[in-house]
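By written order: A, B, C and D. Residues from 1 in each chain.
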Amino acid sequence: MSTTIRIQREDFDPQAEADALTRGRNDVGALTTFTGFCRHEAGALSALELEHYPGMAEKELQRIADEARARWPVQGITVLHRYGKIVPGERIVFVAVSGAHRGQAFAACEYIMDFLKTSAPFWKREHKVDGSSGDWVEAKDADDKALERWK
Amino acid sequence: MSTTIRIQREDFDPQAEADALTRGRNDVGALTTFTGFCRHEAGALSALELEHYPGMAEKELQRIADEARARWPVQGITVLHRYGKIVPGERIVFVAVSGAHRGQAFAACEYIMDFLKTSAPFWKREHKVDGSSGDWVEAKDADDKALERWK
Amino acid sequence: MKAVYFAWVRERVGKSEEEIAPPAEVKSVADLLAWLKGRGEEYEHAFEAAKIIRVAIDQTHVKHDVLIEGAREIAFFPPMTGG
Amino acid sequence: MKAVYFAWVRERVGKSEEEIAPPAEVKSVADLLAWLKGRGEEYEHAFEAAKIIRVAIDQTHVKHDVLIEGAREIAFFPPMTGG
């Protein structure tokens, strides 16, 4: 089954994406999804602005999905990532993985998110409710540490 | 945030359940969902029939959700499980967990599924396409092994 | 006390629940399983592999060495296969 | 070759891309980072912590000891923060 990668400014429909992996099939036993949202950071954040490297971002997400597929015999993989201005409560990223069994679907979904965080070329800038902007979000040690699990 | 547990004969709407955990909130950063489906088992299966222990099943699912909540500071937890006759391609179970960060949402969601498999009082009986029925699905060693990760 | 049976235990016993009154020397879950097994052919069949039978007292899982005193409802069933 | 800049590297350099023609002695990514740093105040600021700058050659991540020969597009950016 194929992999779907999309990078887009608009929001997406998680259920439509999930249905696309299972509709008309009766060999799917497990579907795991992850949706990442923009948080308001205790009321201080008015929006995130997401910049990406067009071309490379798609390639990196495809590479990460391919690596997940090489590790686990999953069926469908969908990875969507938005760019542009995103306000608190809105979706930023979506990963869905279908498979015969739950263990592989969970593992592949989390693996993709962990590597997406640290190697897909996206950068977030914060806009504050006080009108200030320009602070780029700093990479987190926790995200680097998350990768150790997959070594 | 509260925990939602439902055991029902009818199908459910995963997106409506997921939305209930995130709607009107801007402190949710991560939403992980798992949906389990009935597989056709290489064409041999016409349906699964799910029996459960009313009363205890709800209690067990609540207990498992409470244990997940004691381990990880997640926000919302939803666990739905169907009973009765379910044909290949249909949904059987749904778990959704929301949280500030992805690691906890993934872990709690998988933890709940792993314990649901081995301690929630549900039993599956197979109906075959050749008209025969009566085979009860046997518990899998893999499901017991999955618990070791959480010790 | 009320005994309730599920899945193939229920099928083999031939009923989903019944009132039972085990004698005083039946103290633990293991004692009860042995006593039930001696109640006739259906029970013999249902409880032949007593070790794999899961038991819940008042809707809480218990091990076979737990005492049954005070139990109102005891459930017997195979390993769970939900999800 | 084309140099492209993202996020705060882009902001500090003051442009998102440009053609660059480093001299022959600039062989590795590390050499290129040092050479860029010497191109003026904005570059000095953008590449002051050269070690944390991530680099991609023709849209593939590379380490700083990789040789740049044959590269058509070299990208410079901070650690990624997507997802």
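The rule is simple: contacts are C-beta pairs under 8 Å (C-beta built on N, C-alpha and C of every residue); 3 or more make two chains touch, one makes a residue touch a chain.
Please read these numbers as outputs of a predicted model, since none were measured by experiment.
Excluding chain B leaves the other chains in the touching groups A, D | C.
Common partners of chain A and chain C, by the touch rule above, are B.
Chain B and chain D, compared by their mean Cα positions, are separated by 48 Å.
Centre-to-centre separation of chain A and chain B, using mean CA positions: 23 Å. Inter-chain centre distance (chain B to chain C, centres taken as mean C-alpha positions): 26 Å. Contact of a single residue of chain D with at least two other chains is seen at positions 83. With touch defined as above, residues shared between interfaces to two or more other chains in chain A number as follows: 36, 102, 113. A complete list of chain pairs in contact reads A-B, A-D, B-C.
Of all the residues in chain A, the ones that touch chain B in their complex are 14-15, 18, 22, 24-40, 88-89, 100, 102-103, 105-106, 109-110, 113, 142, 146. Put simply, chain C touches chain B in their complex at residues 4, 6-8, 56, 59-61, 75, 77-83. Interface of chain B with chain C (complex): residues 36, 50-53, 55-56, 59-60, 81, 92-93, 113, 116-125, 136-139.
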